[in-house]
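Just below sit the structures, each encoded as structure tokens.
The two complexes that follow have chain A in common; it is paired with chain B in the first and with chain C in the second.
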Partner chain A sequence: MIQKKICLLGASAVGKTSLIKQYIEGVFSDKYLTTLGVKVDKKQVQLGPREIQLMVWDIEGIDRYCGFQPKYLRGASAFIIVVDHTRSQSLQEGMEIFQLAQETTNIPAVLVINKTDLPEQWHWTEHEVETRSHMFADCFRTSAKTGEQVDAMFQAVARLCMAD
Partner chain B sequence: MKSARDLDDEEQLRAVRNIVLGQEREHVLSAIESHARDIVGAVVVEALHDRQKQNDDLSTVFVPLVEKSVEKSVTRHSDQFIGYFYPVVGKLVRKSVAAFLSDVLEKTNTLLENSLSVKGLVWRIKARQAGVSFSQYVAAQTFAYQVEQVFLIDANTGILLNSVARENHSHADADMVSGMLTAINDFVGDSFAHTNNQEEQQLASVKTDDFTLLLQRGPSLVLVAAVTGQAPAQVSQHLQITTENIHRLYAREIEHFNGDTSPFERTTSELRECLVEQLNTPDKKRRPWFAIIVLGAIVLAFIFWLYHTFEQSQLKQQLAMLDSSPGILVRSVTAEGLTDVSLQVLRDPDSQPVSDWLAQQGIRDDRVLVEEKPYLSLERPLVERRIARVVARYPAISLTPGPAGFNLEGQLNRTQLQRLTNELAAIPGVSDAAALTARLDLIQAPTPDRQQSLKAMFDFHAAKIDATQIEFDAGNSDLSERAVSRLTTLNQQLDTAVRLARQLQLSVGLMIMGASDASGSTSFNQQLSQARAQAVRDFLVSQGADPDYLNAVGLGVVEIDAIDGVGARKVMFNLMDFTPEARKEERP
Partner chain C sequence: MYTSLIQALGIINCTIVKRHGNNNFELLYGTNDWAYALLPHARDDTHFTIDDHSPYLQDFLIDAEHFWQIGNDGQIQSGIWSEKTASSLLRLEAIAAVTKGECFLVINNLEQQYARQQKTLQSARELLITNDKMLAEQEYLQERLETILRQADNLTALQAPLNKVIEHAEFGIIIADADMQIVQQNPRALALFELSEQQAPPSPLSITMRLFNEQCPSVERILSTHSEWRGELFWHMSEYVNKWLDLSLQAVVDAQGALVNWIFILNDVTRLKYLQQRNEQLGMYDIVTDLPNRHLLLQNTESAVSDQHPFYFLYLDIKWFKRVNDRYGHAVGDTLLIELVERIQPLLGDENLLARMGGDEFAILLHDTTSAKECDAFCQRLIQTVEQPFYTPDKQQLRVGLNIGVAHYPSDATDCEQLVRFADMAVYSAKRQLDSHAAFYSKSLKDITMKRIAMEEALRKAIKAREFELFLQPIIDMRSGGIVKAEALIRWRDKSNKLISPDEFIPIAELCGLIIPIGHWVIEQAGNMLKLLHSYNDQLTLSVNLSPKQLNDEHLLDAFTATINKTGIDASKVELEITEGVLIDNFERVERHIRQLRKLGIRISIDDFGTGYSSLRYLQRLSVDTVKIDRSFVHDLSDNENDKAIVLAVIAIAKSLGLEVIAEGVETKAQRHFLMDNACFIAQGYLFGRPVPVDDFCQLLSCE
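On to the complex of A and B.
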């Protein structure tokens, strides 16, 4: 079986853990996130005839005041930046994290704008978002609550990993 | 710097080499290739032999190839294989079944030992407390250490390449465990890195109460072993050698690793070799002295107890034989403490003393606590003994054996005969005193002087009184009409006897002895006999008798065998002469 490591990054409370909780097979408690700063789960994705197992490293919410643990990105085939479209700040923070990550790795990244089930409350224009999303290999608007686009996003991430 | 001459020489040498060996050594290669099979064939066996002697790498390389080849061959030519195996398959099945049964028996035995022994129960409780299965706990207790599971992890991504575990080991989700282990390792490496030391910190082991995780890190792979018990240094060395071997043998697969873990499935045999274990060997030098001493003391105490119980039982059986002795009734023989015996008997005062009987039997009297209660026996030897005592007071007559047991022979005058008859009649168990004295010869008595006459008269009345008996109904102390009549007569005889005693200057007193039969409790019978004696005394006092002469005593149970249904429910009398002179001069 093909296995790939991917990382889930983003500011605090953007819904990273919620995004994977319902759709990913996990055995570890969320308390590891706060103690170790990371929790490893897995997701199996069918890509045509092949089955890919994604080892998803859910990394603790990163803000401006706490450091970024680049070592967790080591060996990853792709990473996902999650932002919350009800908070303008989260996109800015997401972009900062993206830049930090790019300093240590050149693997493809996916932008995920989460919480689409809630009304949009940020002042970013569609054009500004699109400009930023061009820096990513792909961009998805997901809802962890309804599951909208979640599977499609992981499929795309798996494809990116295999293209690597 | 090389000179132009040197360069020229090298160029020339290369040209010569190309002529001799050919471009890219093609002459040599073609020469070797044409004889390659011969060259390799000549040394291949020896070369394999020599390589195998160095270490196990050759086997490691060959095992997957052979396994794959056999698998392919069996799949393609299954019919042929059936033909090959047919002759041996019967034996194989029998052997397999025998091995299976033996294994089942052994496991059942172990299970029973572990389940039914105290140790097994304790282990079950402890396993439940620890929250692990019983089999895992038994394994943890039985083995000094045991490698339960081995993970082969890609150091870079944390992806699990392969893992093996024991059959009884519960499989955690190895994929995520290896990912988290890598994350923990990264966390430790980052958190505890020395600022002045560029070398990355690595986890070597993780210890918990139940097991230890040993991490052996190679350049690209991490080998992790989950070990229960105290893992010695050899386990780490073993892991290190395995890590090095895998790095060497799978260098290409590691270099081109892109997330596909299937090439690493072939590492199973190497990983399985890491599932080592060592049994707990009990310390033979250590002997459980305390337990031995306690056990020894218990055994000795048991033997001591057994010996004394046996001896006590023998003694009790011996004492029970006392019951056959005339005039003695054994009521109970009970154990007293560990060695002594308590003996309760009813004994006729005329029978053999218990202490004498014990001495005859060779029994130490300090081991027997005797509790005696008096009773009157009507057994023949006792009655004969009483008769002999009375007869002894008459030197002129003797006791001789006869058809009815014995006869009295000799000569007596009338007064003596009357007195003897009265005395014999007063003996309990003598039913016909006249028949006993029937063969005695009657002789003329010498003329007595006044004093002798008075004495004779006193003796006559005394004998009459002694022969009187008052019967009672069962459980009753009331005087019947017949009793009142007899007591009226007795009161007159007593009055006469007392008057004669005064004239003879004798000091006399009347013993009124109450008795009861054996029915009812001992204390009740004692009270009843006393009440009967007292009733008689009260009546005599009411008839004018001097109370100073009357002494009422209760004898309790007097006999076991009843006579004419009346039994011992009676009051008897004995006019006693307390005068010292009178005792010296026995009545003739």
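On to the complex of A and C.
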């Protein structure tokens, strides 16, 4: 079976681990538990007649305590930048991570705006998101809590991996 | 052998594998279940391979293989990863090592360390996120409130959505009028102080003001100068109710520079403090820079005072930092602060303490300096260091400056609070300089500062009471003797009918920003005056002076457009006088503004030409219409050959570029003859007329 590596990147507490947990196990926990280092999960995905195995790398949030490590992107077929819908700063940080990743690789990237189940914050303008999402291969608004768009997003990433 | 050694060393929860060749390993130590779960082939064979069972480990083996092949003694680490096995979740770290030509792979099970580290990081990250969120929400609301309050005549004009946001905000908001009377407060402000709407005083505002007065040494200066402030206040209500409050205070001034409102934004940061304390000793340290915070600094200052050893207290204010934050965002601003601290630290000895007071303010307790001269030299080194350019991640250059206020213990003050207050006063005085500056506290500095604060206050009132007047000075065509232009010059007539010279108040207005509302008033008045003057002579041009700050004002064009539309005057009869100095700073922006003004038809004149940074390139790029020869050159024309040469050179430059040239400060017939002999025919000065009130000027025109 074909294996494809994808990486989830983003600032801390944007919901990377929760997205994976929802995708792999179909569960969600409200309690924030910070990730240290990396955790790799596997999931088999059916893409038409073909079945592929996605290796989903959940990478520790990039912030003052943990820098961006380009080596994690080695061998990846796509990466996902996750930002938090309720924290405008996370979009800015996500874009900085995106730029750093682009210096390492030219694989496709997807922007994921997570936590859409929470109320929209007034300091986040649609225009800001629109402008930035054009820089990505695709953009999804997800809720790891309700599961909204989570499968669709990973499915799209899998397709991007195969288009590679 | 290995097993007993390893156990003797107390290294138990690890697996050690020896590498014999490419993907050929031997298990030396580690027969735990988790080791076999990770390396399943090790269970059955002495020599085994590592397959893709663990993608992370397999990825690390690429680096490890490279390292082993180089063969130098040493080790590399994989970093922590989590591995899910059938029965448990492992927290692991792999190490590839080479020792005496032999290659090893060590895998450590870090379950306990992981839990500890996760706990610490969890607190730190929660803290960081809460802080970021709070900042972002506050900034947004503060900015919106400030904009709306500045424009609104009353609070009923507050937009409905914003009103809703205030009502439901997670932080306390109090809006007070200029007399510190509550105009609006939200439910959260009451809840913060455990109050309800029905309750009698004290109000959230009165409690806040009491804490502010008690805990902030600079309160007097902040309120009288309408400055911003941000910091923490501690509220002790009872034995069981203590809160740390983050207060952000912002003054709102109207277009005339008059104080309209105060906005108080209050946040309960007690939980943040608790998280900080849990997270090692962050409670006394600043989150961004890791420096001691204001509270720890004040503790240290108290302690230094009680030791009775002389020291200097330096109050540092980063100049133009707000501009960096506004233009590039807080992430860049924070990075700049961190780099700035890294630059300053090496200048400090072990004895001295650098702390962040909040925002763009820092402080240094300087113990190892004994004289003011040494301290000044230290300040200059600080300034030089800070003034070196910074760079954003995308390589854009940023520059900031540094203001320093210095107070000495015990010469200036013998208690901590007064020492901080005096240093604050000194830095306030330093801020009034255009460039980086260090100011030492002294009695005279205090007097000057108080006088300046009083002057600012009087200016604010003068703007409100419209105590300014425009005088007009004629500009003559010396060939005909006729008035061709007039220069509008501002005068301030105070309540006692005393005329205050612009030399006295314009520099202060320029420094505290009041020049903007004054400038708008001048533009409006000049428009009305020109309309009146054209009823006597419709060819007359009126020139108006523009200061550097006005030229940077984004609303300048709007002010001119509004005046031209309102009065119907011909824009080509308005001439703006700018000095050469404004061309040096922000040339691009000045050029853009000048281009827009010229599009309206307004003429541009360079004032005091020859005294500053005269550059032909500027003259050409800006499409200037007129240059004015500075009065200092004209004054000594009769007996100073250098001045004669300069005047002749300016005339020649102007002619060659096709510009009009005006001589300023003409007071004698000899000066007039010299200028006319050298084809400079337009002039102003006492020989032709002093600045006079508009009615007198109209008389002059009617006599022509």
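Criterion: the second predicted complex is superposed on the first by the 148 of 164 C-alpha atoms of A that agree within 3 Å, B and C clash if a C-alpha of one lies under 4 Å from a C-alpha of the other, contacts with A are read in each partner's own complex, and residues count from 1 in each chain.
In this text, a contact is a pair of C-beta atoms (placed from the backbone, for glycine too) under 8 Å apart; a residue touches a chain by one contact, two chains touch by 3 or more.
Just so it is clear, the structure is predicted and the values come from calculations on it, not from any experiment.
Visitor: Once chain A of both complexes is superposed, is A:4 in touch with chain B (first), chain C (second), both, or neither?
Guide: first
Visitor: Thinking of the overlay built on chain A, is A:77 touched by chain B (first), by chain C (second), by both, or by neither?
Guide: Once the two structures are laid over each other on A, A:77 reaches chain B alone.
Visitor: Mind working out whether A:161 is in touch with chain B, chain C, both or neither, as first, second, both or neither?
Guide: A:161 sits against chain B, while chain C stays out of touch.
Visitor: First (chain B), second (chain C), both or neither: which does A:96 touch?
Guide: second
Visitor: Quick one: is A:69 in contact with chain B, with chain C, with both, or with neither? Answer first, second, both or neither.
Guide: A:69 contacts both chain B and chain C.
Visitor: Touching A:127 in the superposition: chain B (first), chain C (second), both, neither?
Guide: neither
Visitor: Check whether A:36 is in contact with chain B, with chain C, with both or with neither, and answer first, second, both or neither.
Guide: Once the two structures are laid over each other on A, A:36 reaches both partners.
Visitor: Give me the intersection of chain A's contacts with chain B and its contacts with chain C, in residue numbers.
Guide: On chain A, the overlap between the chain B and chain C contacts is residues 3, 5, 32, 36-42, 55, 57, 69, 71, 74-75.
Visitor: Can you name the residues of chain A that touch chain C in the complex?
Guide: 3, 5, 12-13, 32-34, 36-42, 55, 57, 61, 63-65, 69, 71, 74-75, 86-89, 92-93, 96, 99, 121-123
Visitor: Mind pulling up the chain A residues that touch chain B in the complex?
Guide: Its residues touching chain B are 1-5, 26-28, 32, 36-42, 52-53, 55, 57, 69, 71-72, 74-77, 161, 164.
Visitor: For the complex, give me every residue of chain B touching chain A.
Guide: Per the touch definition, chain B meets chain A at residues 154, 156-160, 172-173, 175-176, 179-180, 183-184, 186-187, 189-190, 258-262.
Visitor: Would you pull the chain C residues touching chain A in the complex into a rising list?
Guide: So the residues of chain C in touch with chain A come to 52, 54-56, 59, 62-63, 79-84, 91, 93, 114, 117-118, 121-122, 124-126, 128-129, 132-133, 136-137, 140, 165, 329-331, 393.
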